[in-house]
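Each structure below is given as structure tokens.
Look for subunit A in each of the two complexes below; its partner is subunit B in the first and subunit C in the second.
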Partner chain A sequence: MADAPLRREVPSTPAVAPAERFAARTAGMTASEIRALFAVASRPEVVSLAGGMPNIAALPLDALSVEVADLVAREGQVALQYGSAQGVPALREQICEVMALEGIRAVPDDVVVTVGSQMALDLVTRIYCDPGDVVLAEGPSYVGALGSFAAYQARVVHVAMDSHGLVPELLRTALHTLAHQGIVPKFLYTIPNFHNPAGVTLAVERRAEVLEICARFGVAVVEDNPYGLLGFSGSAYPALRSMDRDVIYLGSFSKTFASGLRVGWALVPPAVRDRLVLAAESATLCPPSFNQMLVSRYLAGHDWRSQIKTYTEAYRDRRDAMLRALETYLPEGCSWNVPDGGFYVWLTVPEGVDTKAMLPRAVTARVAYASGTGFYADGFGSRQLRLSYCYPTPERITEGVRRLAAVLEAELDVMRTFGTPARLPATPPAVRDGPQAPSPHTP
Partner chain B sequence: MADAPLRREVPSTPAVAPAERFAARTAGMTASEIRALFAVASRPEVVSLAGGMPNIAALPLDALSVEVADLVAREGQVALQYGSAQGVPALREQICEVMALEGIRAVPDDVVVTVGSQMALDLVTRIYCDPGDVVLAEGPSYVGALGSFAAYQARVVHVAMDSHGLVPELLRTALHTLAHQGIVPKFLYTIPNFHNPAGVTLAVERRAEVLEICARFGVAVVEDNPYGLLGFSGSAYPALRSMDRDVIYLGSFSKTFASGLRVGWALVPPAVRDRLVLAAESATLCPPSFNQMLVSRYLAGHDWRSQIKTYTEAYRDRRDAMLRALETYLPEGCSWNVPDGGFYVWLTVPEGVDTKAMLPRAVTARVAYASGTGFYADGFGSRQLRLSYCYPTPERITEGVRRLAAVLEAELDVMRTFGTPARLPATPPAVRDGPQAPSPHTP
Partner chain C sequence: MRGVTGLVAQNAAVTLSGSTELSTVATGSRAVTVRTVAVLAGGLSHEREVSLRSGRRLASALRTTGLSVVEWDADAALLRRLRTDRPDAVVIALHGGEGENGSVQAVLDLLGVPFVGTPSSACRRAWDKPTAKAEFVRAGLTTPDWVALPHTTFREFGAQAVLDAMVERLGLPLMVKPDQGGSALGAQVVASAVDLPAAMVSCLAYADTVLAERFVTGTEVAVSVVHDGPQPRALPPVEIEATGGFYAYTARYTPGATAFHCPARL
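On to the complex of A and B.
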């Protein structure tokens, strides 16, 4: 006791455990429901209709193997070295050619290559959003976008969709309501084509109107378009960016080539580009040269349009299998959209069923899906769920839907036996009737 | 005129150009002086002693070409697909083996793979720093770290080094001063080995003391160690993390293997890891599987320790060439450190010379360097500059230093002719005498 120190070195600072000193923004960083599912979904006995993993089985691996070997042997000194923060110039030129398929006229100077389009989305949020700022997003919206918005402490105001996508009148109403509170949202985040998770597409005749409304209110538009070339009709919709050069456009090779390379991009107006490049530099210094040069060689030397056609045909077969199974097996009172591209069907289940509460029982029955609440920032979506048809084979999809139907029947049985379940939060009509196209059960 | 609209749709919102509505943090995002130099440095007639590009000429491209071809042919379906946000498990195990060379005992569960260690640094800042928070960093410090700190609006307080690295007594003083203002910095950011840009190494006998001081004040320690295995003595220093399991350790394959793959990592305590993985997910979803699997195969199938030895021997030759040239050509009044590893010499020029103002004249004389102010958050460093010996050949290094010496002589000539230059901001002694080891001119 006599050895106790006579003076305290630190005058007034309590001993704080470092781990308790995180930034306020970490409060918004929660594991998404989808993420928790990845572990479950990887068990072979479970049919996962939950994930959004593209089906890359059709990739020409032998040809790619030769290509990548040549890249390392001939251009290894460049491919394995640091590159520019904005991305490899040759690839940025090719990206402009890819975007031309959707009517976009752009110059390579305005393209910023990123580590997947997720990084572009994260950095656009970084340069636009202060804590408390408002962004608009469709309801439901992409879970990865909601994650980035939360990471920068932006508030999300959802705008509902119908079977033709975002409803312009509801967008206008939302902006008026916010304007009366003195709020101008920083941007509208929208997935116009083959929406994730809703599966719907913004009607062409609505596109100019949406742009006009945003311009009038001084709100930027962020167009996220990973699925645009995966339409089942074979022709692409005109991008919002093709109608308005101020649109911030996000693209990706994850669905049209290979997700494991993590090559995406943003096409942005010059004033945004300069800031985006600086933000990218502090995020990763530069995207991997190696991956960019491999994508560039793939685009230059392979028939990538045919490859997209091959992908799309496989997805159409799977969509057809899913729609057939939904019609065959699902109980009365369900409704869903009929996607004409992309990966997803958005399903509304009978009133009283809570898709999040039901999920553990579904997994026990060896089928997984993504419950609806993960796609809303505000707690809605408990009667919805997302089904992905991109990864499993048609046979597995059929079996998965059959299992899901049995789980739903069991839920309804319990409800019939024990009466109405615990009261759920009310869902407003626009959300409740949401993005479903007329289903076979609700013609 | 009669057609003018009778009512205004938008009640009170001014038409705001989207580009003017950026987040407050963008004010801190400025192009670094180093970045502006990359364009200049790429001109073949200029000897660039400015960049930090590793010399990868010695990479066994033919063997790597075979390896990567096999990776795509045999494991393409995994390598080209999305992976986990935390990184490929096999690689995380191997990373633990790499870190064992510096005395670190760690489990793969605590490793998070990132797109270069820059991403780890950016995300650690993201989860720790609210706007206005203070971080400590050596003065001078890595320019990419200062960029990330600025992007999250953290304030940097520099702690000076001497020839044995960070000075514990000055660290203690800085923490006391801040504590009296009620400020506990979020973390100390330190590069203990072969510092960028100062070239010095934290003396082993200071390491425990630095950790003890930070623990006492409740300040986390972020150890950035990209150069740790590039010591010229052939043996590695014990990492701070090897002495304290709470240290956040950042590592990279950019200098020991290939920077163009952008594979780095963070080793963190579990409470930090969970948040870091969530942050990583919102930043890029996952790092590229392809690159991680290639690094994993390289570590498993190639003699990577010999490769590091090859790299290190080349860097030692280049360091020797630079030191010889500095001694031969530089005018009186210059001092510099003698690095025993890594890429950099930190040079102090005679009083009155402003390295930033001199840079355009140096480039005209066909030599480039990184001026000192870019490595400080507070405007110091105008009498310092960083010379990199990593990339040019010994002959080019010698020629570059000869050109630099001529530029310095010309500056001194002008000063002698026209008297003292415009008054420069005063530099405090600890910074002025900074991290230089005794040079041949100041024995």
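On to the complex of A and C.
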């Protein structure tokens, strides 16, 4: 028997298609009509107001290419080698200097460098959330965050915003309601500055209140702040982390330097740090040494503050072009916010228009936007859409909004034909720079 | 919708036979030796992403035959490229719009560039669903009863009255889809008359004319027909079994969401 061929003892198993082996949590990772439509948006004929690509045209590429060559020549043996899972120490020190601009006092030991802040968000969710856990997020919220939460099978409860950001009273109500159900959310995920996608900023006077509410209910706060230094007024808002050392802070060089380098970070309390580093190590072993060292050289040898000023001036011009075009072209019944930094305008369209269903018409008209439902975990947002002004030139933005206006007019025309909804608003909402559309985002 | 979805690709202008040697293609009465092939993919239709995927696969398969293959987008640079680089033949991997409605084929004819696939005139008949269905009826084939109406008709005669007549004639559920297009984009099954207005609005975001068909159940089978010899030749029927029941966009392009049986289990 000992000499019997092993294969005789192995029972045959029916063939299983690879898709049948996928984990249940990947069920939502399917082909999407919307994603397919965005493939067209990459063509130059289309004015894409959909993506949030930073405008890196103003970067000093000649100087950077010298820096890259010098990095390889002088430090190539280190830059092209594995590094620390927590990140290059020199960069972590510089990151503390960057965060000081928003009032944060931190030590490099508490900084974990990641592959973009998206990875930091993924890791934080990984170490905090079991399937079914509840996460609080503004409604709407960053689509990449909702994707991370979904990947870990966390349930998102949205809390509505107004023109001053997250509404503390609604946060309190949401937490009370959840508490009655015996639920303590794992954390509040918030983008306090120049929100993606809503464009609003959490009022300074609300910040302490939000922190106090979360502390009272035992809920951690995850502050995602990629746009904080891109304010048009020239002065930064105080970070939530500057008011509370227990806040988990996510930062990024994607908008202030170069998104393609994929260098971000998490600033975490010491009690969280070791677990986060271990999670990071299992995900990527270490963040790319080369990219970190390039960012470090950029911060050390270039006037990065002036570069940020150059960026924000360009973004302000583009925001102004978008606001002018919205005012000029959009039909009655539309409302939008006026962002004072960042990349986005959040637009509410006339009642009954479904921005997701309208997207094919827009793509045919050679303009693209991000429909609102993608920024909610619960299907809300069909009447909203996000417009990005960061990448196209002011002239293209104007043309894109003009096309969008024609798309909206055509959609409204079809809706009137079919009486959907039964009654279109006779008069448009009076508020333009006012609160976001009310949303049922309390549990 | 259920039914035979394969459309006949008649009178193919060019056929390429895979070979490690140079391929010879026939264009009408001419024989062309093919060394270089341009695969057209992308374009500006709603199916750009699908087309790019098809194009990459086709290009990679063609390269294994020893042909020199370039991949081009269908954009404003196309005609200049066709004139200056002059490929021996073009393989059209465009989905939707210009690539399927006969326009690209007509342009290639204008330039005298041989191409693989259905000629322009047949594309025009097959691309427009109401036209194709009328052709089926004329040929003695059965096709679900239908009506195709533009937005203006609903507006001028009153949408509700037209919808009522539609339901009276075709019953419920109804299959609602754009009159032109592919990948099931904009196609939906409407079970209730109250859902019809919203379905019309979303369908008309894809096209100016809505095709409403009587919903039929059954086994979905696709039959491809190639014309690579003296007569058209039908390839084996492929049965499509969508796990979710409806062969919608997600079912088409999510691996594992649909089982294909060839030959069909008829």
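Following the convention adopted for this analysis, the second predicted complex is superposed on the first by the 391 of 443 C-alpha atoms of A that agree within 3 Å, B and C clash if a C-alpha of one lies under 4 Å from a C-alpha of the other, contacts with A are read in each partner's own complex, and residues count from 1 in each chain.
Rule of thumb we're sticking to: a contact is a pair of C-beta atoms (placed from the backbone, for glycine too) under 8 Å apart; a residue touches a chain by one contact, two chains touch by 3 or more.
Owing to the predicted nature of the structure, the values given are computational and were not obtained by experimental measurement.
Q: Considering only the touch criterion stated at the top, classify A:275 as touching first (subunit B), second (subunit C), both, or neither.
A: In the superposed model, A:275 contacts subunit B only, not subunit C.
Q: A:417 in the overlay: touching subunit B, subunit C, both, or neither? Say first, second, both or neither.
A: second
Q: Counting only touches as set out at the top, which of subunit B and subunit C does A:43 meet: first, second, both, neither?
A: So A:43 only meets subunit C here.
Q: Given the touch rule stated above, what does A:357 touch, subunit B (first), subunit C (second), both, or neither?
A: second
Q: Looking at A:31 after the superposition, I want to know if it touches subunit B, subunit C, both of them or none. Which is it: first, second, both, neither?
A: A:31 sits against subunit B and subunit C alike.
Q: Would you sort A:250 into first (subunit B), second (subunit C), both or neither based on which partner it touches?
A: Neither subunit B nor subunit C is touched by A:250.
Q: Looking at A:321 after the superposition, I want to know if it touches subunit B, subunit C, both of them or none. Which is it: first, second, both, neither?
A: neither
Q: Return first, second, both or neither, reflecting whether A:148 touches subunit B, subunit C, both chains, or no partner chain.
A: After superposing on A, A:148 lies in contact with subunit B but is clear of subunit C.
Q: Going by the contact rule stated at the top, is it subunit B or subunit C that touches a larger number of residues on subunit A?
A: Counting residues of subunit A touched by each partner, the higher count goes to B.
Q: For subunit A, what residues appear in both contact lists, the one with subunit B and the one with subunit C?
A: In subunit A, residues 17-19, 22, 30-32, 35 are touched by subunit B and also by subunit C.
Q: Can you tell me which positions in subunit B touch subunit A when the two form their complex?
A: 9-19, 21-26, 29-32, 35, 38, 53-54, 56-57, 59, 61-62, 64-66, 68-70, 72-73, 76-85, 115-116, 118-119, 122, 126-131, 133, 144, 147-148, 150-152, 172, 175-176, 179-180, 182, 184, 186-187, 216-220, 246, 254, 258-262, 269, 271-272, 275, 278-279, 281-291
Q: Along subunit A, where are the residues that touch subunit C in the complex?
A: 17-20, 22, 30-33, 35-37, 39-40, 43, 45-46, 354, 357-361, 363-364, 366, 411, 413-415, 417-420
Q: Sort out for me which residues of subunit C touch subunit A in the complex.
A: Against subunit A, the touching part of subunit C is residues 42, 44-50, 52, 73, 75, 151, 154-155, 159-160, 183, 185-186, 197-198, 200-202, 204-206, 249-250, 252-257.
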